[in-house]
Structures are given as structure tokens and as C-alpha cells.
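Encoded as C-alpha cells, here's the structure I'll be asking about.
Order as written gives the chain letters A, B, C, D, E, F and G; numbering starts at 1 within each chain.
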Amino acid sequence: MAKKVSTSVNITPLHDRVVVKADAAEQKTAGGIIIPDTAKEKPQRGTVVAVGGGKKDEPMTVKTGDSVLYGKYAGTEISIEGADYLIMRESDILAIL
Amino acid sequence: MAKKVSTSVNITPLHDRVVVKADAAEQKTAGGIIIPDTAKEKPQRGTVVAVGGGKKDEPMTVKTGDSVLYGKYAGTEISIEGADYLIMRESDILAIL
Amino acid sequence: MAKKVSTSVNITPLHDRVVVKADAAEQKTAGGIIIPDTAKEKPQRGTVVAVGGGKKDEPMTVKTGDSVLYGKYAGTEISIEGADYLIMRESDILAIL
Amino acid sequence: MAKKVSTSVNITPLHDRVVVKADAAEQKTAGGIIIPDTAKEKPQRGTVVAVGGGKKDEPMTVKTGDSVLYGKYAGTEISIEGADYLIMRESDILAIL
Amino acid sequence: MAKKVSTSVNITPLHDRVVVKADAAEQKTAGGIIIPDTAKEKPQRGTVVAVGGGKKDEPMTVKTGDSVLYGKYAGTEISIEGADYLIMRESDILAIL
Amino acid sequence: MAKKVSTSVNITPLHDRVVVKADAAEQKTAGGIIIPDTAKEKPQRGTVVAVGGGKKDEPMTVKTGDSVLYGKYAGTEISIEGADYLIMRESDILAIL
Amino acid sequence: MAKKVSTSVNITPLHDRVVVKADAAEQKTAGGIIIPDTAKEKPQRGTVVAVGGGKKDEPMTVKTGDSVLYGKYAGTEISIEGADYLIMRESDILAIL
């Protein structure tokens, strides 16, 4: 499920932040039915491309390359060298897939 | 009361989160009376299918396979391989049945 | 004042939660006067039927069988095997009678 | 100033809670002038009739029999054997008289 | 600037609370000009007449007899033996004069 | 940039509070242009004239005589011997100039 | 991407604050297209020109000269010797570029 993201980004998130490259929203269900826009509010998948150094006494759990699930409205959009990423706190990440 | 959930999911919830498969809402009371929709707002039952690694110095109490009771509005819906689950913090779980 | 509650329930409240069986509201005052509904907003009595394992470094104070006083709006209603109970945090309990 | 309250109550407040029997509101000032209702919003006096076991590492300061001053809207009214009391946290008590 | 307050009050504030006797508001400026009411919203001066025992591991800084400055709306009015006082937390006191 | 403030004030701020004498707002820019009122909402400069003893285990960083920058709406105005000062927490101070 | 900022400023931010010189907003995309104003709400880049001493037991991570990314509305504008800067907490900084 986790697609390789070849891009390596030259950015160091501070403390407990991570940079995530969102996967393209899947337009179809497993059975091939096209999902209308209103049905796409569920958490999104992405790939971690950069990880901060963690907070005091709390090392990070996710690592670069992890395919993760995060809330649809988590993080802040940033654009690095023309590509869009999300920068969020590790606590905004729900799970590693 | 706890039904076996054979599905094993390939997901690792972060920190104190758990993934729960909701039981189908019971449509009838013990006496066989059909419950109207407005009466179904009580906590729901489900089965834990994945458990995070816990927070610092706070191991998890629930484990995979536990039948649990949780608030009706707890957690975030996620869909994994076509099936719907809830991902919530352990603190949203009220009790183990 | 504490009535015996013979029911034992098969439920394990998580952490600092307890399950309480509410006593029937007393309809009459000591002098036998019937209390109108608007006068019945005071804390309620109930009997503890299940107790969680406590929080980290904070063992529980109440135990199964204790007759307790709790805020009228404390806890969440749950129904186990057809009977109604309340599940609440120990901090919602005001006193042991 | 503190009147003896002979009633002993059979109740154990939880943690940092205390049970207080409110003194009757004094209708007259020192000079004998009757105070109108709107002037009676100041803190009230009462007598502590039961004291909880304190919170973790924080023993209680007040003890049964203390005459105390507390905010007019502090605590929750409870009625034990026909008499009215207030159950409040020790932090709602302003001073011992 | 600090006037002696001869009254000693028979009251023990709880924890980090202090009892303060407010100085009479100064009606004139240094130059003798009468200050209109709307200009008197600045912090007020008073004299500490009773001091609590402090919170756990935090002894009190002010002591009885200190002339202090406190926010105009700090504390709760109490009346002891016909005289008006304020009971407030030490953190409501801005400075010792 | 920091002007000497010869006034010494007879006041002891409590805990982490400091007393600051505000510099007069500069009416002109470096180039001599007069700044209209609406452009003067930036942080203000002042000189520390008294410093509290700090909070438990947190000594103070600023000291008497420091020229400091603080938020325009920080602190409470106090008047000591006819002069106006501001009393604020050290955390309201942005920087030492 | 990080431009050298030759200006050295004579200011010591308090505790966990940093002073940042904002980079000029880039008016064009990589492909040379001019970005309209409404599209420029993303985090901004700047260069750290002064760093505070950190909070108790929490040394600072960023250092003078770092090119950083921060929320568009982070910090407070200050002007030092005619030039505009932002003073913000380190926690307002998202990443080091």
C-alpha cells in the first residue's frame, strides 16, 4: 500500500514535527466504484519524508519512508522546490500502515 | 458477547491508539422488541484488532481480541482494505467486556 | 441506606472508571411527602458493581458493593444484559455512604 | 463564632472533599440592622462534619468541627437523613475561623 | 506609605490565601487634585492581616503587616466582626510596597 | 537606545513580576518622519526598575536597569509617588535590548 | 534557498524566543508564473538573527544564521534601527531549511 517516494527533501523539521508527502486521493473503491467528493473526508495516507529530532526524553516513533495515516485536516501545507508537502506533529499521525 | 473477529489488519496504531472493529448494532432488545433509531445512542461494542505501543511509561491495558465498550462518538473512521474500522485513544474505551 | 445489589456484572472498567447501579429515586421525603419532579435534582445514590484497576500510581478508593453518592449528570449510561448501569470516573463520585 | 454542630453524619467524602453544614444566614448586622436579601451574597460560614482522606501526597488541612468560610456558590447540596449539607472540595474553603 | 492596621483578625486563610485590609482609596493626587471616579481603576493598596500556610513545597512570601498592591478586582469580600476584608490568593498580589 | 532611568522605586514585585518604566513613544522615524498614531502599535521599550525574587527553581533573567521590549498591552499600570509604571510578569518581556 | 543576512542585531530574546528576519515573499513560482496575493498564505521563510537562552532544561535547537520556516502569523513584529523583524517562540518555527 505504501508507495515509494523517491524525492528526498532538504528540510529538518523541529522537535516532534514530521514532513509528509500525501498520497494521491484514491478515486475508486476496491470494487471500482468512483467515490464522490463528499465521501472522501476520511483520514489520508502519506509517506514520511523527513522527521524531527523529537521532544525532550521523547524520541520519535515514525521514520522516513513510513507510510502513515493522518487526519484530513492535520498539519500545514508547505511547498519545497515546487512540490507540496504537509508538516505536522507526530501526534497528528494516527497509525503506520 | 464478544464475537471473534477473524480479520487481522496490517496497521500499527501510534502510541496510545487502538483500532476497533465495531459490532453490528443490535436491532432487538433481549425480549425481542425492535429498538427505534433514537434509542440507540448508548455506548457501542467492538473488538480490538490492533494496539499501539503505549505512551512513555504507560503501557496499554487492552489487547487485540478484547471486546470493548466505547463512546458512540469516539475515534475516527478509517477504512482498511475495504472494511471500516475506528481508530481511537485507549482513554476513549470505557470498559472491557 | 445502602441496598444490596445481588447482580454481579461481567465487565472490567478501564483505569479509574467504575460501574454503578443507580438506586431507585426516592419518591417521598422522610415525613412521607411526595417530592415533585423539579425537586429531585440532587446527587443520586447507587451501588458500585465493578471497579477499574486505577490510574498509574493511583489505586482506587471505592470498591464493589460500596454505596456511593454521585452527581446527577455523572457518567454514561450503559446497558448490560438488559439492565441499565452508569459508567463514570471515580472522580465523579462525591462520597461513600 | 463557630457554633457546635452535634449531628455526626455517616458519610465518607472521597479524596479532597469535605461535608459542611451551613450556618443559618445571619439576618442582622452587628448593630442590629436587618440586611436585605441583595446584600447577603458574601461567603458563608459553616461547620465541617466529615472530611475525605485527601489526595495523593496532599493530606487535608481542615478537620471535623472546624468553622469554615466558603464561597456562596461552592459545593453541591446533599441531604442526609432529612438534613441538608454541602459537599465541596477543600480548595473551595477560603479560611478557618 | 504603608499604614499600620491595628486590627488583628481571628481567621486562618487556607493554603496560599491571604486576608487583606484595603486602604481607603486616595481621593487626591500628590498635587491635591481630586481624582474623578473613572480614573480610579488602578491596582489598590492594602495591608496583609492574615496569611495561610502555603501550598505544598511553596511557602508564602508575604507576611502579616506587609503593605501590598493587588488588582482592583482581586479576591472575595468577607466581613469579620463588622469590618470588611478581602481574601485572595498570594498570586493575586502584585508587589510588596 | 536604553536611556538611564535615575528613579529608584521602593517596591518589591512578587515572584516572577517586574516593574518597568516605559520609554516615551518615539514620535519620529530614523529619517525624521512623524509616525501617525495608528502606526504605533508595535512592542514598546522600557527600563526595568524593580525585579521580583523569581518563581520556585526559576531565577529571574532580567535585572534592574535592563532596557527591555514588551508587548504593547503587557502588564498593569501602577503609579508610585506620582509616576506611572507597569508591573508585568517576566514572560511578558520579549527581549533585552 | 537561504539568503545570507549580513545584519547583526543588538538584541537578546528572552528564554525560548528568537528574532527572525523574514525573506522577501517570492513573487514568482519556479516556472516564472506570478503568484496572486491570495495564494501566498503558506508558511514563510526567514533567517534567525538572534536566539534566546532557552527555557529551564530545554536548550535551543535553532541558531543564528539558520534559514527557517514559520507560520505566516507567527510572532510579533518589532523594528530595530529602522529594519523590521519578527520575534517568536522557537515552537512557532516549523523546520530548518
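Criterion: a contact is a pair of C-beta atoms (placed from the backbone, for glycine too) under 8 Å apart; a residue touches a chain by one contact, two chains touch by 3 or more.
Here's who's who by UniProt: A, B, C, D, E, F, G = Co-chaperonin GroES.
Note that the structure is a prediction, hence the values are computed from the model and not measured.
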Required minimum of steps from chain D (Co-chaperonin GroES) to chain F (Co-chaperonin GroES), each step between chains that touch: 2
Centre-of-Cα separation between chain D (Co-chaperonin GroES) and chain A (Co-chaperonin GroES), whole angstrom: 55
Inter-chain centre distance, chain F (Co-chaperonin GroES) versus chain G (Co-chaperonin GroES) - centres from mean C-alpha coordinates, in Å: 25
Whole-Å gap separating chain B (Co-chaperonin GroES) and chain D (Co-chaperonin GroES), where each centre is the average of the chain's CA atoms: 44
Touching two or more other chains - residues of chain D (Co-chaperonin GroES): none
Contact graph of the chains (line, ring, star, complete, other): ring
Ordered ring members, chain E (Co-chaperonin GroES) first, chain F (Co-chaperonin GroES) second: E, F, G, A, B, C, D
Interface residues, chain E (Co-chaperonin GroES) side, partner chain D (Co-chaperonin GroES) - complex: 10-15, 17, 19, 50, 52-53, 56, 76-79, 81-82, 87
Complex interface listing, chain A (Co-chaperonin GroES) residues touching chain B (Co-chaperonin GroES): 1, 29-31, 42-43, 57-58, 61-62, 69, 71, 90-91, 93-97
